[in-house]
Amino acid sequence: MRRFLAYSMPVLLLFAWLPQVLTRDLVTFLFFTFIFMVLAANYDLLGGFLRYMNLGQGAFFGLAAYIFALLLQHFPVFFLRLHPLGLPVAVVAAVVATAVFAFLLAYPLFRLRGAYFAVVTFGLVLVLQQAVLRTPALTGGSLGVTLPPQFYVDVQQAYYPGLALAFLAVLLNFAVSRSRLGLALHTIRDSEPTASAIGVDPFRCKRLALVLAAIPSAMAGCLFALFLGHLYVETVFGMEKTLLPVIMALVGGSGHFLGPVVGGLVVQGIDLGLRYGAFPVPALAIFGLMLMATGLFLPGGLLSVLHPRGRTAR
Amino acid sequence: MLQVRGLSVAYDDLPALRDVSFDVGAGELVTMIGPNGAGKTTTLKALLGLLPYSAGTMTFQGQPLHDQPPYRRVRLGLALVPEGRHIFPRMTVQENLELGAAQGRRAPVAALEWSYALFPILAERRKQLAGTLSGGQQQMLAISRALMSNPQLLMLDEPSLGLAPVVVDQLYDKIGALKAEGLTILLVEQQVYGALELADRAYVLETGRIVREGKRADLLADDYIQKTYLAL
Amino acid sequence: MQIFLDILVGGLTLGGIYALIAFTLSLALATTHVLNVAHGSVIVLGAALATLLLGFWHVNPAVAVLIFLVAFLVLGFLFEGGLVRPILHKPPEAILMASIVTTFGLALALETLLGFYWARLVHPEPSFSLTFRVPAIILPGDLILPTRRLVILAFAVVAIAFFHLFLKHTRLGKEARALSQDYEGALVVGVNPRAVSMAIFTLGIAVTALCGAFFVLTVPLNPYDGIRLTLVAMIIVVLGGVGSLPGVLAAGLLLGVAEVCTGFFLGPAWAPVVFLGLLFLMLLLRPAGLLGERQ
């Protein structure tokens, strides 16, 4: 743990300093990178430790973002009056709601395994998307949700919480990997009957992992909503938020706490490069190809090349 | 007919077989005995190519088996009756047998009749779904199925597992009959006495290594064997 | 009464196509442990090529069919060789994971590139659909028979019958069943999993692409519908049980009829909700699938 903190200090300081020297666009870009990293790290909590591909990670993100934004939109006076606790209270409300959602979701969800789990969690995001679109009275439908102007936050203010969240998400993965929960999860991954035999309750561990994974993503959702000021269904529940984090985790190295970090930087870096280089091929296609290469040649992700002794997915 | 030299197999980092060497000559019935987890099943699986090996050589009738996938080894004349039988539960007895003959050199009809003659109970149930057979019947099906390809070497992995003693006796009678017809057999068993009774020669495998080998009479007289495996 | 007929035929047709799509996916999964996330993309590709050949280039239909079949048999061959064969030697769990990742990447790349280049080279708004003139058949009582859908239904029936015969009576078919029922048993008996996988994927992909072409006779598709279609197929596989043709048929029909009914009574976009609702319900009540298989 101390080594982890020691190594991460300089990195954090570097990222803390960057906004001073980078353009606003690049700072925004980094902010989004942090958000993706949180999602990627949370995805990997299930995907790497348990080998359950939770493609619905974006659902927690979006749900929290929507609850948060709707609370602020419908009850602005209440939250303003609580100032400066207004925002934190709203965040807590949204995060708790999402965590409960995750808790309840565990029951039907973990009856599935492997491929079915992946596909159904993916469907979850689609369903939420449709649910939002179909209930304009409650959620604003396709028009989206607008935050009252008093809550607007600009990039400079959002950047540091974003960095902190990304750090926390990675820290969470690190902590879990060194904890009994992590050991339990690995055992369940390798052989569930064995896990039961040694006194681990597989369902409770999985449920706990799901809830833990939901929390930072939920917080990221709130932060994202705050930064955007206006939520559209496509941005919040869109394919990007669902697929990119998974790609990042897989390409970086699933199963290792640094995987999402490496993946996040690489994927976003490529995206940036494509944008500035005006390369005539859409970014998603490149990511798709990278994913194929990963699946075929580098199942352990980039980390297995950079850090051969690290325990990544085989 | 079969020569294995220095075979080593590891599961990830856990060694399962260390430097194992043995032979099976034409027409012999060779038994491999040993406790649970000794590596007996591992040996047979490696021989058929179901498991990768890390060192050693396997030669069958002069041909190296090294990089051949399982289906090629079956074509060369190896057949395995795996632990747990692994028959096809939602196919009929007849279909199971026909699949066994797919690589064979004998015409399927003749092979089928021969199998039914050997195990009449299968003939009675030829249209029945294999999953509905009893344990003993499934074992007979598994053996018949392996025989359908007219193998040069038949390998049996713990055929007595989970079967009632009466059934095991019947089974061993059949195996004896096969041996009498000249079939080369490699029999792996935990149930020591019956296996040794049938064998010409035997090997004792413990924690991945061969600790004893020899002719049947010699092993039966061996003190260590008597104490550890025959409880005498 | 007309409405009832429309719903019946519509539901059966959609159900038949869904069942077929789900079946090819399930067959591959059961015999090789490969989950092809790009399954839906193949459907979309089939629709795209058909639209291109018949809708834009107005190629002679017989020639178009030939080109179509050749193209997708080749694609199936390449797919199997490039993405399946390299991972076939791994243990089943690893094959599943690797195939999900690789085909996911493939689906992403395919859809994005298709959308991108179609918009640039063919038409700025990528959308695939086909039409053809079919004589209207009028039944007694002034009922109009939806003949176009019947053609699609006929295709689905023929294809399903074909697969049934293939699995039941050809050697490769029996070997495929063996692989799906007991993998180790099949290896022990001398089945060559690579030959089987080659057959399954070339056939499977060609038929799936055909489904795409027939599908867009009624409902248009766009390049990004691929993953959604894979999702539908997977849900049917979950409901019906892996590798079980009757189960998948039943589940596919159920879902097809359900979707048509939902579309009629509630509106088209409620379908995913209904699907997942059905799925969750089933998971809670009967985790083993409609006709019960493991998983």
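Brief remarks on what is shown
Order as written gives the chain letters A, B and C; numbering starts at 1 within each chain.
In this text, contacts are C-beta pairs under 8 Å (C-beta built on N, C-alpha and C of every residue); 3 or more make two chains touch, one makes a residue touch a chain.
Note that the structure is predicted; figures quoted are calculated from it, not measured.
Common neighbours of chain A and chain C: there are none. When you average the Cα atoms of each chain and compare centres, the chain farthest from chain C turns out to be B. Chain nearest the geometric middle of the protein is C, using mean C-alpha positions. Per-chain Cα centroids separate chain A from chain C by 32 Å.
One simple way to say how far apart two chains are is to compare their mean CA positions; for chain A and chain B this gives 52 Å.
A separation of 42 Å divides the Cα centre of chain B from that of chain C. Residues 51, 53, 107-108, 111-116, 118-120, 122-124, 126-127, 130-131, 133-134, 243, 247, 250, 281-282, 284-296, 299, 313-314 of chain A are the ones touching chain C in the complex.
Partner chain C is touched in their complex by these residues of chain B: 48, 50, 69-71, 74-75, 79-82, 85-91, 95, 98-100, 102-103, 145-146, 149.
In the complex of the two chains, the chain C residues touching chain B come out as 171, 174-175, 177-178, 181-182, 184-194.
The residues of chain C lying in touch with chain A in their complex are 29, 35, 83, 86-87, 93-94, 96-110, 112-113, 115-116, 227-228, 230-231, 234-235, 237-238, 269-270, 272-273, 275-276, 279-280, 283-284, 287, 295.
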